[in-house]
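First up is the structure itself, then whatever we jot down about it.
Chain naming follows the written order as A, B, C, D and E, and within any one chain the residues start at number 1.
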């Protein structure tokens, strides 16, 4: 039995803006076990990044967690003081970001940025930190690590920089790694290298990984479990097989049908109509209903609760409500197989 | 049918919208509001000058000279010729605003033209920017002094001098934005549609480079007023008896120890007005900031 | 779907590139002399047929966009000939080019940057007609409103500014602008890359519909092989400015000849669990285009590179009908 | 780096030739006869004629300019019409004062500017921010000729804390420092304001940067986040502002030197323009332009030192 | 809280060092320190202390007295035989003698020198050394104001040895009570007491001339004790100076004068009624009152302190009469044409311009002021590109001929006669005054010329100058002459 590393319950994150406060994350719950990769997937603006930033306590200054709880190894961390949270960051929970080009400080050497967390959290001296840094670079597959330590970020390619970011994030052997779209800015061949690297390291260190992406391909490749978000809400969660082989939520299905399949020339795209709602848009009931072809009056009135399908597979959709479940299921299956 | 429905009113409304949103944002900034009020006040003063003063600005009364503040009939006192300070301040606002405005407008015309050409045409970039550097490496006052030495002392020449002196900074700002806008895909799109360079520059680059230009112009207005005053202070600007704030300071300075208000009043007025333009410029910079455009 | 055999019958060449090169000079030294070149497009020859979609794929910086721009004349070709309907267009003046401009259009990557933010979209679209036709204001307006409907927007969008639209809608506006003059050839430079998948699918559908309706040819630049497979008839693979492989989607995806193509295909994350995960991982990074390797540009990362690859640049040749590649060991599997 | 320096110095030569031509021709067409200034009000026409002949003012414009340029290129900047003193010497006497004043002012400006800007950015939107922004904007808006007079009135005459003027004592003595205070504040206020504004906006910008978030995600202490990660990046544009302002200060000395009775190049410049002392005008303008370019060059070099991304060559 | 105390830090420091420094502030630096090559008052303020002339105008009485000369005689109208003092030495140790006089004057006259004040000796024909201490100077024509010329600072005698060895512009060598120590151009000139001076060494041992361009700064320095002496006090600052407790203000009627002149070359100005209208529109009394005691009211062109003055001319000009002026303007339509009132942007000219412009406007004229910096002004005025302008004449020789000839004689029209005044009758009188050696006769000629100008309304005299100085209360003994020159020789610290 693996241990639960991170547990997020009913997280709500709000932003104060010029037009009043808006909810970017609405009542989201999930958990991550040791050695497990949870992928959070969803389209732009659905609150993936904000969810993860809430966890690590680095929300933009106008944002705050307004309700819900976040537990790390069973301890509540959402109410820690700034200083206590700071000590967690980098040592217990680490994060890497989307843009390798901007996530490293351009005026500090790689070495400095790599030594920083080591010296800070492990209390070791500079020389020692330097030695460890070189080791780390080696570990993430960077050739000539000694030389790299003295270089500046702009002297490295995008893939290299993302590796450095990973090395920094893993410097103190954190229990949980949050990776926010770590490969979106990279070319496919490089993306594959980086995903492999994260996977390998996860296994080596028995970390929990939260990987955020909007690419279903990446999800299928690395995830153990998947959480699908839409407009600030979690709409479906399950193991990677459940999500890809037996998706339940119309949005998940739509998402899968929107991605062209490289291996199947006969595959026909089936776009989801309409466009993503903005945060400020007031939507009664299910947030997906304006784009959902199965929407009923009920969907328009009330937000659906979370329905358990099987094991940990949960779906927030009225279609899951007993009576409709069966008939709709057939129809949906038909679409997916296409 | 549809056309009729979509005619003018809607168009007008949209056009206003940009302006309105900018203004709305500007009005959220308290400092800017204060600045705007001061500017409006000064403009009001300039327009209504004859109605808000009891004395002609140039009428001398040698026997009632150097009256202190709050004297009867002269609430800001009189200068060494017995002229009413308040009416000179009021009429002085006309001078400052007109000279400042003219200088800014001509500076902008020169700066935008040079900056636009340099930014748009790679070949012209280097020669134009070298020329701009040349102007830039003159200290501003010196440049003005040379120009005035050549052209003679007068407010018109001050305006010319200040506008020439503001050309280099304007050109640099414009060039900077042109260079970045030129990279934008909509410019590429216009090129791919076969639009002429002139059209691209005038219809597509210029309007988008406007934000920094507006900010620059606003602040430049402040600094032009300051420079006009500085030149008048050096005796290179307004011809007496024109009421000009800088000249008032310079004349008043001789009486600093006996009638300090002759210097302090115009000094504070200049400071307030320049401050107002700067605050509004600053506020505009924020209000026009595209980063704030997302929401 | 149109099958390959249908296509081969009516293969009429619309655009022909003949050894096209585009170099960007690198300046340096005290006097800012030209000290070298970025060979963004190195010796590209190909033919594009009427009504087909030719995909261009490759990693970032391999010259895809430059190729597209050079074809449109937005960049002056350093060398080579570009023939559109048998006429050489690479050296034409702006005025002479106007008639080709009508025929060749472009859709851009960034839906946020490809529209002038200070121009209402109605005006933006009308501008196309102002530039190329003598239509009266009323006619132009009518044409624009029709266009809006055509690309799935509404007439009331006429008076809106770009920032009032979502990314997908903007891309539709970009498409409207591109098809306004009834062109026969459109370059889509990463036209769907910046869109969310649900919207991306909508736009791809729209592009297909338009192609069928107006017999359009597309040069479809993308780094998403899934999209290319779905959308294109033939695919060109580029690496460091050079063309490495060209073939029909079926040929290229099923029987890739070039090791780079193979690696590329195997790197794509497939959106399906338990897909066959045997894959090649390329080592190292893409070399600096300002200082490309000698010989075959790919040899530094190629798992099967030999001495000859370092020495000689492989020929661009047709290994199978309509299937070109540039590799000394074309067809060797690297998996 | 060497390339940059060489290139800039080459550019400087052309720049100086351009400037000298501009100055020479404008002085030439400006009304005012140098000979009359030398001769004084009593000079008769024949006095003036012999002065003109003596100074070479009767030659055509291009001959005069050509002669000037040829000599200047050989390092001979001529002799003052007025005092017959060598221009180089006259400038050499004054330059230490101007440089002293400019450096003191920029130090004042950097100190106040950085402090105010940082406070403002770190306490964004607080009353501290508002007041330091107000201060910064007020600083730009104060006419410095006015400020100087007020400072003298208050601190030198009324309170008698500081001397009224002069800059003759060596800077490292207490007297010398005291002499520098008022002029440096007068001259530095505007630049301080500019630096404060730039620091503020640049820090606000950098605060939002991804790498700052990265630093926080590493658990770096807030003090270090600000002191190392934010400040180092935020300073880059500030350096340019400092450079440009330092150049501007050289021009600003014209008024300050006058008000505080400082014997510097700025005053030499206006005096010689007034006296139509062409060689002196030329010499001092060229000097100031050179200083300006050199300061900019130094700025660029500092730039490369704090921003590794930039490399010239 | 008296003056002595407010003279704070700097003074104490010096007192401790034990060397008595007397500081004078000047707004403009000396151009140079050679009497031959300069012609400006800041320079002559230094030159006066370092060099001596053959004759000197007594600071008190204005009488011309021998200085380096012992005595002189005129064998005929064209010959001046001057006996020199014996035993006088230059600061460089060489002897002062007839050779030195000849050397100095020849150098001043030599066209190759291009001396700005060469005109002083323009009438001189030959200079002969009769013996070591006697020179004979022959003039081309009888030269009435020759002694005045010889008492001019620019006629100071220089050491020939030093002149050949070094640049006197930078390192002056004379015979005066002070010796040159150093000069930092733009900053300060330092002199020290000449211990060997024939009348005894001056009491103050060190003199510093500091350049302080802003008068108000200089006054502040005077207030704080950083400066001990300033001269040429501006009218605007008089009130402030009077309120200062640590200084004494010295005032004395001066030889200088300020006047409004017509451009007589202009058609409009040739109309006597026009000139009359202008003259009667200007309230000189009100203006002089504005000068706070720093101006003397008189209509006379030749001022009270100048040779040639006669009291009767004080009120001989057209009196102020606004109504009469208005009438004339009305009658002749003078108000229609804009009048360009040119003025230099220095000293009291701006004050005059503003007041006169306002008064003329009141009378119905349409007057536009055009200010110019000095250089441009001189050019413009000489070119006659103005309608009305203000001019001044400081008249260092205090001789009426030296005023009327350069400024109003038609010979000089277009050069130093910027008024383009051209009156043959007047010219004759002036010439006579210059070529007569008999001083009584000269007086007569000058008075007649003066009357002629007043009758003509050729100029409107705004005021005659007052020479002023402010001296630290701790000092006394400043000698101030009507020409504005002063001597520090007899200053002592109380």
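Descriptive notes on the structure:
As a convention for this text, a residue touches a chain if its C-beta (ideal position, glycine included) is under 8 Å from a C-beta of that chain, and two chains touch if they have at least 3 such contacts.
For each chain, UniProt lists the protein as follows: A, C = ABC transporter ATP-binding protein; B = ABC transporter permease; D = Nickel import system permease protein NikB.
Please read all numbers here as calculations on a predicted model, not as lab measurements.
Common neighbours of subunit B (ABC transporter permease) and subunit E, listed by label, are D.
In this structure, the chain pairs B-D and B-C differ in their number of contacting C-beta pairs, and the larger number is found at B-D.
Centre-to-centre separation of subunit A and subunit D, using mean CA positions: 54 Å. Subunit A and subunit C have centres, each the mean of its CA atoms, that are 32 Å apart. If each chain is reduced to the centroid of its CA atoms, subunit C and subunit E end up 87 Å from each other. For subunit D, residues touching at least two other chains, in rising order: 30-32, 149, 157.
Listed for subunit C are no residues, as none touches two or more other chains.
Of all residues in subunit B (ABC transporter permease), those that touch two or more other chains are 149, 152, 253, 256-257.
Residues 43-44, 157-160, 187-193, 195-196, 214-221, 240-241, 244-245, 254-263, 265, 267, 269-273, 275-276 of subunit A touch subunit C in their complex.
Within the complex formed with subunit D, the residues of subunit E that make contact are 6, 8-10, 28, 31-32, 37, 39-40, 111, 114-119, 122, 167, 169-170, 184-188, 210-214, 216-218, 220-221, 223-224, 226, 372-376, 378-380, 382, 393, 406, 412, 414-416. On subunit E, the positions that touch subunit B (ABC transporter permease) within their shared complex are 215-216, 234, 236-237, 239-240, 243, 286-287, 289-290, 345, 350, 353-355, 357-358, 361, 368-373, 376. Within the complex formed with subunit C, the subunit B (ABC transporter permease) residues making contact are 2-3, 6, 10-11, 14, 17-18, 184-186, 188-196, 203-204, 207-208, 210, 290, 293.
By the touch rule above, subunit A contacts subunit D in their complex via residues 56, 58, 82, 86-91, 94-95, 97, 99, 102-108, 116-117, 120-121, 152, 154, 165, 168-169.
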